[in-house]
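Chain nomenclature is as follows: A, B, C, D and E, assigned in order of appearance, with residue numbering initiated at 1 for each chain independently.
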Amino acid sequence: MSNVLSLTTFLPLLGVLLLLFIPKDSKGVLRNVTLAVTALTFAVSLLILNGFQTNAEFQFVENVPWIAAGPFMMRYNIGIDGISLWLVILTTFIMPIAVLSTYTAVEERVKEYMICLLLLETGMLGAFISLDLFLFYIFWEVMLIPMYFMIGIWGGKNKIYAAVKFFIYTMVGSLLMLVALVFLYFKGMEAGITDFGLLHFFTLKLDLATQIWLFLAFAFAFAIKVPMFPLHTWLPDAHTEAPTAGSVILAAVLLKMGTYGYVRFAIPLFPDAANKFAPLIATLAVIGIIYAALVAMVQEDVKKLVAYSSVAHLGFVMLGIFAFNVEGISGGMLQMLNHGISTGALFLIVGFIYERRHTRLITDFGGLSKQMPVFATIFMIVTFSSVGLPGTNGFVGEFLILLGAFESTLRWWTIVATSGVILSAVYMLWVFQRVMFGELDNPKNQKLADLNGREIAIMVPLIVMIFFMGLYPKPIIDKMEPAIKKLVSQVRVSTPVAQAQSIQPVVALPAEGQAPAPEAGGTHETSAPAASTPQGTTTAPAVNPHDAK
Amino acid sequence: MENLNSYLIVSAILFSIGTIGVLTRKNVIVIFMCVEMMLNAVNLTFVAFSRHLGNLDGQIFVFFIMTVAAAEAAVGLALIIAFFNNKQSIDVDDVNIMKW
Amino acid sequence: MDMISIPAVNMTPIIPEIFLSVLAMALLLINVFVPSEKKSYLAYLSFFGIIASAVLVVNGWGSHVESFGGSVVLDNFATFFKITFLVAAGLAVLISDQYMDREGCNHGELYPLILFTVVGMMLMASGTDLMTIFLGLEVMSISLYVLAGFNRSSKKSNEAGLKYFLLGSFSTGFLLYGMALIYGATGTTRLYKIATIVGQMTLPSANLLLVAGMLLMMTGFAFKIAAAPFHMWTPDVYEGAPTPMTAFMSAGPKAAGFAALLRIFLLALPTLQAEWSQVLWVLAVLTMTVGNITALRQDNIKRVLAYSSIAHAGYALVGFAAGNATGTAGILFYMLSYAFMNIGAFAIIILVSKKGETNGNVSDFAGLGFKRPVLAVVMTIFLFSLAGMPPTAGFIGKFYLFSGAIQKGYIWLAVIGVLNSAASVYYYLRITVYMYMKEATEDFSWIQVTAPVGLALAISVAGSLIPGIVPSFILQYAQMAVKLL
Amino acid sequence: MFENVWLIPLFPLIGFLINGLFGKKIKNEAIIGAIGTLAIFGSFVVSCLILMQMIGLPAEQRVFEKVLFPWIHCGNFKADMAFLLDPLSCIMIMVVTGVGTLIHLYSVGYMHGEEGFYRFFAYLNLFCMSMLLLVLGSNMLVMFIGWEGVGLCSYLLIGYYFHKKSAGDAAKKAFVMNRVGDFGFLIGLFTLYWWFGSNHNIWTINFTEIKAASHLLPYGGVVTVATLCFFVGATGKSAQIPLFTWLPDAMEGPTPVSALIHAATMVTAGVYMIGRMSFVFVKSPETMMVIAVVGAATAIFAATIGTAQNDIKRVLAYSTVSQLGFMFLAMGVGAFSAGIFHLMTHAFFKACLFLGSGSVIHSMHYALHKIHSHDDAQDMRNMGGLKSAMPITFITFLVSTIAIAGIPGFSGFFSKDEILWQAFSNPYHGNLNVVLWGIGAVAACFTAFYMFRLVFMTFYGQCRINSKAKEYLHESPFVITIPLMVLGTLAVLGGYLGMPKILGMLPNYFEHWLEPVFEMANEYGGKYAHHGAHPSHALEWGLMGLSVVIAVIGIGIAFTMYVKNTELPAKFVATFPGLHRAVYNKWYVDELYDFIFVNPCKALGQFLWKGFDVLVIDGVVNGVANVVMAFSGVFRYLQSGYIYNYAFSMALGVVVMLGYYIFK
Amino acid sequence: METLFFLIISLVAIVSAILVVTLKNPINSALSLIMTFFCLATYYVMLDAPFMAAVQVMVYAGAIMVLMVFTIMLLNIRVDASKKHSHKLILGSIIGFFTFLNAFFVIYRSRAALPTGPYSGEMIKSVGHTELVGREIFTNFLLPFEVTSILLLVAIIGAVILAKKKI
């Protein structure tokens, strides 16, 4: 079982080989085989989950030499920690759902479509588990190809524009990252690092100027993928044109690559620069939240609306990550998962009605609740999950992000970002109202069939996850927390500057069992002046009563 | 030889004139003649250097260049004839089907 | 007056050349007896000859033999490039037969000419004397002029040959002038001697004769590898030449040009590296940019690949400008993989086009993806490899080229390079867009994949993918090859 | 029994799940109704048991925390799914489950025959669960679940008639405005958490822990910021200025919903929240003042609007807003237990009023339906003289009206008078006290006026309904009237639990009961005691009398205008048309908000999308591509096809290269 | 005396070179080119390379130019008929001028390597130029010499392929 990670990653590739031998006319077989392969992958990935030890170390590590030539040494070095674990699970979890959603949506070129899906899965999984920078880059790029074809071949009217834009936009960013990656390698070589192993580079001390350039290159690539304002315009196009399963995967997993890239690479590799750019990135994230929400509000196409809502959600994720504390980053990670589930579900929902009506214009709908009550219920649950209603998954992530960001130096950003919570309710509920509420006056809508068994089966796991993660996120947080703590310490350790600015004491202090401390003579008169410093401008490190003991 | 540079400069002049010819003439054969002139200028340089340096490598080189020139002439003129057969012209302005 | 006693020479370094020359001459003779509809036999013969000579070449790996008084050398560098040439020639031979048959110019002389071209290229790679290199270059060039104009009845082919010839001989003038100046500055044409003499100079970069000679030589070779601004012939000649010859031209002579350039610059003029890498920096940027940007708006697919070929020369120049082991090994690797992927792509073009080279526009590929899925997938692999997407050989090659530049500190060069390659993605994608995302206008029923073409495609696919996934061994050979320079 | 507190929200949850998932299959209204009602009734029973047990305990032991399961544990942050039982939450669960049970019962009758009957009960149960979570939550986050959960249910129930556009709009408006409040709530939470954590390393959002550490909080400063943020949350939920406009629109929902959510329970959540965190709020005099002023202003503002509305439910809605204003006034002047007391009595009489109005509407609707009239069943101008047709409804309605108007002997009097007195005599606001009291008194006058206007227009005088329909008017069935009667009784008797001390007939059980909860707040509030001397008993008596007089005046005016001289209102309108139009149109607040927020937001969205996203950002992106393409065109035509041009380019390259090295 | 002779020859060479470029009729151009070649042959003699001079005359003037003139006659080409492109002329001349300028400065500013070989004028005269060249070719430059055979073979094949009426 030592190479279960490789097995998970390359199982879909084996599936591709299997598909090659199935004639292209037997669509049913193709679909079922693909479903079986993805389901099997999911099952195997559960083994990983099962065997995962809750600590900060990388586990299931496989490390064998791969390319060794010239100055370079690339290794097939894979492994997961708490951060990547859940993204791997998310990927394997979403894939069967995505496959299932194509049963009636894709009638042409089924074989090719399924091959694309499986290739994509391998690419995504590979990117999440790579611990070798070069290997990561390979998978990162490989993902583009099947996605490109999925948008381009099975997409909508404007598919070619969207597909090419998606491809080239991402490519520009990632190629610059490649340059930075190589540069980093040579820097590492000077310090005695001999391969592309990520963990070696964590120990590398770089001067600030170098860090800044490298960080910018990495951040640019990831920002495009996230996508962050103002590099987001490929996303609405790609989403609108992509077929349902494509949109689902794009939203659920592909966008996470960007945020994951920050967490795994950009931040721990260049902590000083990350600290320096945190305000800038937070600003962009916050602009993204508000901006995307406002733009989403006036969209006429449901899918585009959901796409813009993705931009806003990922703005939250970025804000949380750049809070650089356990709460913020955990929130960010959770929000990645949540966004994967909720937005994936939203795209599926849009797919359902698109399949029935072949339109996505909001004005073509109205009053569907009457005709499709099950659909309405599911749509509503997902909507509220997306809005971040407490009890659903969306809330936990959003809350932790905002809490973490508020604790950090990004307080004012948080306040602005929190108003995004209002706007998200506005646009989501508005679209829900316009689609589901009102008179069922369009005759074409009056004969719509409610969801069938397969469609419900697609949505049920998602809904279960929505509530599970909203009500009992503990197992998820527990597994990722050690890794996040390690990340936080990585960011903190090398940043004397940032620490001076930071208001809060070191997070690593044991927080358990610290009941409210009765301070000696703690009447309100004595404590009042001590704490009367106006909020927000406090810069002096606070007195920690426990340190004094 | 006491004055290497004068030979070199004559050679440079001939080379430049050859270049001008290539750039300005329209008749393909004349252009080719200008190329031959350039090669000859180079030959002169080689021989002058060879004489100056007191080794024969340069002259051997010239010998080979002449061979090459002959070979090129054969192939080149064959190409020109083939072209003429197709187009009834050897004006470079007509060597212009493919562009952009 | 005593008799000239020809010194005993070690023939080892030129055994493959001799073999190929003899084979070519034999083929010329055989050709007389082969009826015109059976010229395929010549193709097979030459293909096996190429394999045999490849065996001979590989046999010489690891040895270092100088011969003919320092005119020629057998070393890993030469061996590596010779393999590249043989790959290019072998693939070209495989794809020629069908095309030439279709176009009605399947003259038996084609194959000897290809083999002679290879001989010329091999001499360029292994020559260590300016004369050898020059003569190798001319053998190659003259054969190529003929090959470009091989289809006599086609106006385009005629024109291609003529253009290539005139501009080629014009560039030869500069090349020779450069050699003359080098000769004047150093007093010899032997590269090893030049290296010694230049190495003894106190300030070689102040010696104008030397520097000018170097630049003029660079000009000559830049023409062969199609580097801007000496690239202008490329699109026209590539478009006009018979497609298999275009494929061959884009892979072989380019590699040969690089071989000679590397040999001369790294062996003889390493002390001038500051100068030539500066020039190459600029040339690389110009070449990449011009090639890529112009390719964006091309309709004829051969022209697209011609401009792409210019751009690839630019990428390789990036590695060359770096001049370090990483970059130069990258060139070696890249040239080899480029031979695979580019000739593969041209093979598909041959298949898709019809007699008289009609149906050669990008838009004519519309719908290929689902009418002929295997061909389209294969073409897609070549295109992505050309675009430098992992996991293909093109990516690894580019990676090493740019890495070389980064190692050398030419970050901006690498950045310009990657931006260029991002732009290049557009025109490669455009072809896939037509193949997969546009409705078919034709049913492509005329496409027949004959055995040799199929074999060529299979080899090309393997050559584009395997070095991308497990590149180690080739890269290591490339590293060893450049180490001995 | 304390251990089993989790049963309280569980029952409605089960009810919700059964009805929600299988209700459509069950179809039988009786079963569905029974499930829903029994679920909440079960909670009520458990609540009663808990109350009993708590009464049996000494005051200082009346706090119990039950951790159900860990919820979000992350870094320093820790929030469990945990419930807090103390006298305050006890009262709240009693009110919620008690009134909830009655309203469920009522709904069985009222919603009879509605499409989606099961849906209604499912939502109602869900609401109860959320509300119970809200009041039971032992930390701010569990409270927040309930806080948003009730918002969600309110959304669902307001939008119950989803085919009506107005219902959908109202639902959305309610949710969004609540969200604005939530925004404040969250920021307040963050601020408090961050302040405690960073200054004292106490990372908590747990109420008891905060309470224990509350002595560390400074007066003013960060507490003001935090509490103001919380207060924003409260205004959203409890429909205070400036976030009150959603509540009147929320009357689009079925009437039981209005009774339960928009009168008795949800809207009082803000008051409860302030009460729950009173020990924080009192530390900021500024916030206290803001609360008091906003409360008073809302009370009078909504009351004025209430005078001009014709829709029976809208009048009640504005009345609710106004009464909530009273409660906030109470909180703002430190009269926490009075506020909570008013909350409770208000729950009784306002629920009764709403249900009564529902009974009327039900009857009217039936009658109008019978004659196929499309007249508005809720418009009071169509009613009149219903007291004979609907005696039970009339009596309970009248009782409740008297209670709300503040006539001595009825519950409203006790609670409202206590608030007014505290407003006058509290130690917090100095000279502002008089103003607060004055506004309160005037608002009380208005309340008496519009409530009696409602009663007179509905139940007295001539029946203005179509005479054919008149015959169909009838008293509602028992399922409807029983809750009315119970609530009417409570509206009378409920007040005796918290009789002001000065009356002295009964001890103020209520205040006594809540004492442990507000002890700390009162202690902190003691700091402000230097303002003025304690007013005398005589003054208190006098003011009490005055407020009764004021109420009577209000009733008198109503009587004059709507019973004796029915032409007076028209005259009044004719005399002050502008004023009337302004009041009738709710002072144009909705329009103002549209103008300031909604429309600019939409316009901004449109601009950002079409103008910025597409034009600028994509313009730049595509612009780069286009520029490159343009260059491609240029480069392409440089490739002219002429040999001499090509040669020229080569020669130029050579010359430049050489020239650079020679002449550099 | 020698200098004067050099100057005269140079003048003739350059003037005839200019005539090659300027004369309209290709035949005249060709004849001028032959003139230039003869001048170069003279130079070779002056540079103690009589063998090269002989080859120059035979190969260039004798073989190549005859081939050219023959081709011109065969194709029956008279004059540059089409209209002039004056900008082409100007640009070409400028480039040519700069080419010369560059070359001039290269020559003017730098010094060639010092004499390395043993072949002084006296030595060449005493042994005989042809023999010396022969020795060099067949010893040091044997490989290039052999390669020329291939080159010529290729040229022959090429010419046949391209120009033969029917293959």
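The rule we apply is simple: contacts are C-beta pairs under 8 Å (C-beta built on N, C-alpha and C of every residue); 3 or more make two chains touch, one makes a residue touch a chain.
Quantities reported herein were computed from a predicted structural model and do not represent experimental measurements.
K.L.:
Centre-to-centre on C-alpha atoms, which chain is most distant from chain E?
P.N.:
Most remote chain from chain E, centroid-wise, comes out as D.
K.L.:
Which chain pair is joined by more contacting C-beta pairs, C-E or C-D?
P.N.:
Comparing C-D with C-E, the pair joined by more C-beta contacts is C-E.
K.L.:
So which chain ends up in the middle if you average the CA atoms?
P.N.:
Given all protein C-alpha atoms shown, the central chain works out to be A.
K.L.:
Rounded to a whole Å, what is the gap between the Cα centroids of chain A and chain B?
P.N.:
The separation of the two C-alpha centroids amounts to 66 Å.
K.L.:
I'd like the Å distance between the centres of chain A and chain C, where a centre is the mean of that chain's Cα atoms.
P.N.:
Taking the mean C-alpha position of each chain, the two centres sit 45 Å apart.
K.L.:
Could you work out how far the Cα centre of chain D sits from that of chain E, in whole Å?
P.N.:
103
K.L.:
Approximately how many whole Å separate the CA-defined centres of chain B and chain C?
P.N.:
So the centre of chain B lies 25 Å away from the centre of chain C.
K.L.:
Which positions in chain E are in touch with at least two other chains?
P.N.:
Counting only residues that touch two or more other chains, chain E contributes 88, 91-92, 95-96, 99, 102-103, 105-107, 109, 112-117, 140-141, 144, 148, 151, 154-155, 158, 160-162.
K.L.:
In chain B, what residues contact two or more other chains?
P.N.:
Within chain B, residues 8, 15, 18-19, 22-24, 26, 31-32, 49-50, 52-53, 55, 57, 60, 64, 68, 71-72, 75, 79-80, 82, 93, 95-99 contact more than one other chain.
K.L.:
So which bits of chain C are touching at least two other chains?
P.N.:
Correct list: 131, 135, 138, 142, 145-146, 149, 152, 161, 163, 166, 170, 177, 181, 184, 187-188, 208, 212, 235-236, 423, 426.
K.L.:
By the document's touch rule, what are all the touching chain pairs in this structure?
P.N.:
So, checking each combination of chains, I get A-C, A-D, B-C, B-D, B-E, C-D, C-E, D-E as the touching pairs.
K.L.:
Mind pulling up the chain A residues that touch chain D in the complex?
P.N.:
It is residues 165, 169, 230, 232-234, 236, 291, 294-299, 325-327, 330-331, 367, 369-370, 373, 380, 384, 389-391, 395-396, 399-400, 402-404, 406-407, 411, 414-415, 418-419, 421-423, 425-426, 429-430, 433, 436-440, 471-474, 477-478, 481, 485, 503-505, 507, 509, 511, 514-517, 519, 522-524, 527-535, 538, 542-546 of chain A that touch chain D.
K.L.:
Flag every residue of chain D that touches chain E in the complex, lowest number first.
P.N.:
644, 648, 651-652, 654-655, 658-659, 662-663
K.L.:
Show me the residue ranges of chain B that touch chain E in the complex, using the header's touch definition.
P.N.:
So the residues of chain B touching chain E come out as 1, 3-10, 12-27, 29-30, 32-34, 36-37, 40, 43-44, 47-57, 59-60, 62-64, 66-75, 77-82, 84, 90-91, 93.
K.L.:
Spell out the residues on chain D that touch chain A in their complex, using ranges where they run on.
P.N.:
Contacts found on chain D: 24, 69-78, 81, 141, 144-145, 147-149, 152, 155-156, 159, 162-165, 167-169, 171-172, 175-176, 179-180, 182-183, 186-187, 189-191, 193-195, 197-204, 209-210, 212-213, 215-222, 225, 283, 524, 527, 601-602, 604-606, 608-609, 613, 617-618, 621.
K.L.:
Within the complex, which stretch of chain C touches chain E?
P.N.:
Touch list, chain C to chain E: 1, 4, 6-7, 9, 14, 21, 25, 28, 67-69, 71-72, 107, 109, 112-113, 116, 119-120, 123, 129, 131-132, 135-136, 138-139, 142-143, 145-146, 149-150, 152, 161, 177, 181, 184-188, 197, 207-210, 212.
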